[in-house]
Amino acid sequence: MELNLTRSQKEIQKAATTFAKGEFDKDLALNLDKKGRFPEEIWKKAAELGLVGIHIDGDKELSLVDSVIVAQSLCAVDSGIGSSILSTTSGAELLFMDGDENFRSKYLVPLLTGDKVCSFAYLESEKNLQSTNTRAYLQDGVVTLSGSKLYVVNAEIADYFIILCLISLKEEPSENLSLIVVDKNTDGINIRPLGEKLGFRMNPVANVDFSEAKIPAANILTFNCESKLKKYLAIDHILKASVAIGIAKGAFLRALEYTKLRKQFGTAIAGFQVTKHKIADMDTQIQTANLLTFQAAQNIENGNYDDLPSAQALLTASKAAVYVCDEAVQLMGGYGYMAEYDVERFYRDAKALEITYPSCSALKDIIANKVIGKIK
Amino acid sequence: MEILKFSEEHLAFEKRLEAFIDFEVIPNIQKWEKDKIVPKSVWRQLGENGFLCPNLPKKYGGTGGDFLHSVLVAKQLARSNFNGLATFIHSDIVVPYIEAYGTEKQLNKYLPGCVTGDIITAVGMTEPDSGSDLASMNTTAVEDGDSFVINGTKTFISNGVNCDLVVLAAINPEGDNPHKAVSLFLVEDGTKGFTKGKPLEKMGWKSQDTAELFFSDCRIPKENLLGSQGNGFKMLMAKLQQERLICSVSAMYFCENMLKWTVEYLKNKGALNSQVARFALSEMGTEITVGNVYMEKLVEEHMKKESIIVETSMGKYFTTDLVKRISLRCLELIGDFGSLEECPVARTFRDSRITSIFAGTNEIMKEIIAKFSYS
Amino acid sequence: MEILKFSEEHLAFEKRLEAFIDFEVIPNIQKWEKDKIVPKSVWRQLGENGFLCPNLPKKYGGTGGDFLHSVLVAKQLARSNFNGLATFIHSDIVVPYIEAYGTEKQLNKYLPGCVTGDIITAVGMTEPDSGSDLASMNTTAVEDGDSFVINGTKTFISNGVNCDLVVLAAINPEGDNPHKAVSLFLVEDGTKGFTKGKPLEKMGWKSQDTAELFFSDCRIPKENLLGSQGNGFKMLMAKLQQERLICSVSAMYFCENMLKWTVEYLKNKGALNSQVARFALSEMGTEITVGNVYMEKLVEEHMKKESIIVETSMGKYFTTDLVKRISLRCLELIGDFGSLEECPVARTFRDSRITSIFAGTNEIMKEIIAKFSYS
Amino acid sequence: MELNLTRSQKEIQKAATTFAKGEFDKDLALNLDKKGRFPEEIWKKAAELGLVGIHIDGDKELSLVDSVIVAQSLCAVDSGIGSSILSTTSGAELLFMDGDENFRSKYLVPLLTGDKVCSFAYLESEKNLQSTNTRAYLQDGVVTLSGSKLYVVNAEIADYFIILCLISLKEEPSENLSLIVVDKNTDGINIRPLGEKLGFRMNPVANVDFSEAKIPAANILTFNCESKLKKYLAIDHILKASVAIGIAKGAFLRALEYTKLRKQFGTAIAGFQVTKHKIADMDTQIQTANLLTFQAAQNIENGNYDDLPSAQALLTASKAAVYVCDEAVQLMGGYGYMAEYDVERFYRDAKALEITYPSCSALKDIIANKVIGKIK
């Protein structure tokens, strides 16, 4: 499927791929995955090149397609390093959408320059975002925050958190779902690492407790954030879909190369009809997910934040990634199971992406609610 | 819906094994997984307790049990959710070659050690450039006086580091028909010219020492030929039924464990009120129940010495595909917690992925089924 | 891999049935499918030969066979690739209600005719607005002197045009608990106020007369109450195991037939050299072999009078889903010829699609499995 | 997924839907399906409205997206009548691409005005088009044609055939895969109807034998047609994909409506989680196939006849149609199985589309050959 990329998009694609191929050392990747370490140096280099948060870098419009391209390109070369780089700006769109110049210079720009890592802490239940119990009250210019967040990616390496919480004002009982930026060195934060991961092992994950943490009121990013959050999630779904597609492409290209070289009973595996049909299915799924994702990203660039296309893109892409990686492992046989041949790692990353929030089930809820509408 | 009937003796055996696993295995799994190997001492402990080669006759030191003992070992090892102690490779795959084709001298020399765990065995079949295609084997065995001289490399060898004895397939380079030029040899650890690689880094089976074996002018006495010369291909084929069957048995017990764990997890989370979860569990439960009946039927037929090549190939394909799909689906139901290694299903997912590849890929299974049924 | 053991007598029964199907059924299928009904005379022929209700005791005119006879009937009817003569609805689903719950008077009055084919039975359960949800039934039965007066409409009734006797479920409108207000009634064809609709146009089962039944102030004597009053729900539930089991048996034989036909077709076309076709056949063959073993095991347990509600629900879901998937996949392999009605698999595809809907949809099966296993 | 249709495309969509809803009588459709009759009257009306062959109606460029829209719209209202109307121009693109003014006025225009039906006879083996054995030789301005074509749709109602055959010139041994237009009333044509069909029953199908049929040389449409044929197939795949999507949409909307109205255990079926997730999956597959098909059509409008996107679109769309219709039947339970509720017919049509040439297997071959390329 030909996507009609603009000249500038093609250049970004080329730059990202060239960078990744040059910098993403295979042995390093294996080692980082094994040890669960974040690829700090490469991330900083990517930021220097402008590849970090490329969709929010620059002027006032979101160039989401650029980030789709970067995510796919980096993850296709290495799913672990690629997704790690992308993870450092998790939640940054919320700063972009809502932040004044203060947030911009203090929190957003350092992400883009590779000086800071942001971590968006939102989950309290695996099922949905509707069950926020982290509470804060604002009094005398200070917000006091208490509660627990689950599965916070990059909690240990982040410089600050964006927290989804309920904020109440002094002597006013109503609570408002809001966003607040909390510096890592604030007192009252306890990070409980969740140990080794199945996939995306270069990004440690932890539960984070807040116990009467005091934060300046100026750090309230958005008061009443429901609609912003929904917009953010649409963006986030597209970026996750892009990571999934990158993973799928990376595993696919490795398996394709293998089947063209590896001979069995005197024939290259790629010459067997069953292999050919698998390759056709794998490619079709990748192209399909790709097209959905570009279309959804384009929608958002055009200012349409409808959450249906992004949910369908992520659902399709994450299923495609698991399917393609699984078949890649099988096509490569015993080699597919060996760390050295990469695809088992891509497979674990794909599976981790698929099962972590938002799960396929949550995405289907979004889609169904939109499609079914009201029932009489 | 059980087909297999276990005697009191079987159940007592299982109970002892269960306790052994609880006390000697489960507490050590994490360490062994990190070490990428299980210490040989554990094998000896297993041997002492009669858990290795449980169906070897008493005259070779065995307990004279039947294949149901092997089934119970597979069941209990599956319960430990860990494949580092895949003793079935030794007990049900490799040792049977020796038992079936060994000379009386070989039997007496090796089998008692196989039972006690002093001799851990491995089979050297797969090569870097030949997976399921044995005819393209490159490891050679050349006669030289009263020896064979072996050269070549084997890969993906389970128990490759721990093994004390290898049943090795090698080809006579002067043979015309490659299918009739393969012989089996018994190569002891420590033989000059035989070296082992490091454990390979894998997606799963972390503590199972899978390694490469290198043979460089490795000279072994002629009496270490196993079975008749040039008959290796046939001998390897003849034992595949049991090899593939035990894979199916193990796969089904892993399926059961995963589903059980997932149900408990969801119940504790209060997530069984989700209709989608209930339906998923019902669908998985159905496939597992159906697969179990089939697996038990295969065991029954196998124990009656029926030739069930096609049915066993079907079983290997069905059950190993199932165990993979169950792991994928359980992880989906579990959600975020499934992305942590702390979740036992995460390990089962990593471990089970090899089962549709090893012991003949499922693609090979399908070719076998088609060859016998649809040609 | 067989589990069921058929006696000489069973095989002789099957042989007679096979001949009957070859000579009396298969040549007429096309006509009956066009007519949208099978003539009642065929039922009487079946009855004369002992093929209806083959396990009713001799004192009611039956042959005193066992459930294996029903299995053989399902097998042979599946071989005819045609569901117009779905006698299992009569023999294995409806008549057992009468046999189990009828008074001696009812048994003597109706069962002999059920055996000879003079009485064709139907069960009236489903209504236009209540499928699997029996509690929302709208057909009422009101006591009036020594009669019940019945009003309401039933739909999707198999044998709805041919039936001479209906086992009808109706609700006492004054009952508090709808689950305890349902009773079963025997309503004879010709009773005033009981009328039948035309055969419904369906995707398949073209010659099976599925129709609506209308009851308008239909008055039946009190002695036509079947079983005890208010116990209808329980009675209906109690017989579901056999109903669902016979659906599974039939589905598996249809699967086997389709695969066999497809293999022959592909062989004749020289299409078995396609690896994709071979793999597809191997995959389907595996599922069918596994499903067959499971189905036979269910029959065995059922004949031992085991309560296997969950396992039977699993079987209903697994086998009817399988028969649909096999039909879809065989058609894919067959290609263009499959798009013609001349291709037998085209009919099997149309016919089998209802099996995951009737006798409790597969969604209901999954809820049952979950309710008993995962709650 | 929002497809950004132009104003004129939206008008076409509206016109086609309005026409179909007004003219496609439900009872008529049931009856035509049952009897295997072609909806002649409705077809003529559709032609009057310009809905027949809309992509070749007008000037020199193919407006393929218009036909995608028409096919989807008509088939969503009724898969049988809709696809019948579309089938009357089968092969017409070959006339458009290659025909001179003579072909245009004599053969092409009458298709668009609803005066003639064309039937493209190409298949001799179910597997591929490579096994053409229908042969013709040209001598003294007359072509003599012999051979047999299989599964010729509309053979009985067509006014003329376009035949794929090998043409050799007098005393020249080489044979050229070519196209020739043959009037129905030519001597030497024998049509052998293939009886009742599983799906698309309103379009009778037959085998057609040619026995020394004499055709004027002027009727040779294309001499050496390989590359034109490939282009034609790309177009044909897209149109078939559009039919599949229309079928899927039609079944989906019926099932959706049913689940919103039908209550079970006191709740509308659409309120059950399992139903919701099914609806999400069904909608996602339809949107996905739709996007692939529009993209592929757009490619061709832009002059890029690459056969990969069209094969991927058709593969995805026909699978989606079978899946969606199957689920629609299940969601509607017993009603889904009854002719009166339409979806069983849509299901049969979807299945027929999927298994007739080009089969999924043939499409995967096309895709795989393109993706794998040469093996060393």
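Labels A, B, C and D are assigned to the chains in the order they are written; within every chain, residues are numbered from 1.
The rule is simple: contacts are C-beta pairs under 8 Å (C-beta built on N, C-alpha and C of every residue); 3 or more make two chains touch, one makes a residue touch a chain.
Computed from a prediction, not measured in an experiment: that's the story for all the values here.
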item: Pair sharing more residue contacts (C-beta pairs) when A-C is set against A-B; value: A-B
item: Centroid comparison with chain C (C-alpha atoms), farthest chain; value: A
item: Separation of mean Cα positions, chain C and chain A [Å, integer]; value: 52
item: Chain C and chain D, separation of their C-alpha mean positions in angstrom; value: 39
item: Separation of chain B from chain C, taking each centre as the mean of its C-alpha atoms, in whole Å; value: 45
item: Residues of chain B engaged with two or more neighbouring chains; value: 274, 276, 279, 363
item: Overlap residues in chain D, where contacts from two or more other chains coincide; value: 274, 277, 361
item: Of all residues in chain B, those that touch chain C in their complex; value: 1, 3, 263, 266-267, 272, 278-279, 281-283, 285-287, 289-291, 293-294, 297-298, 301, 308, 311, 314-315, 317-318, 363, 365-367, 369-370, 373-375
item: Residue numbers on chain D that touch chain A, as the complex places them; value: 1-2, 256, 259-261, 268, 270-271, 276-277, 279-281, 283-284, 287-288, 291-292, 295-296, 299, 304, 306, 308-309, 312, 315-316, 361, 363-365, 367-369, 371-372, 375-376
item: In the complex, chain A residues that touch chain C; value: 272-274, 277
item: Interface residues, chain B side, partner chain A - complex; value: 126, 129, 131-133, 135-136, 155-156, 200-204, 274, 276, 324, 328, 331-332, 334-343, 346, 349-350, 353-354, 356-358, 361-363
item: Chain A contact footprint on chain C (complex, rising order); value: 274-276, 279
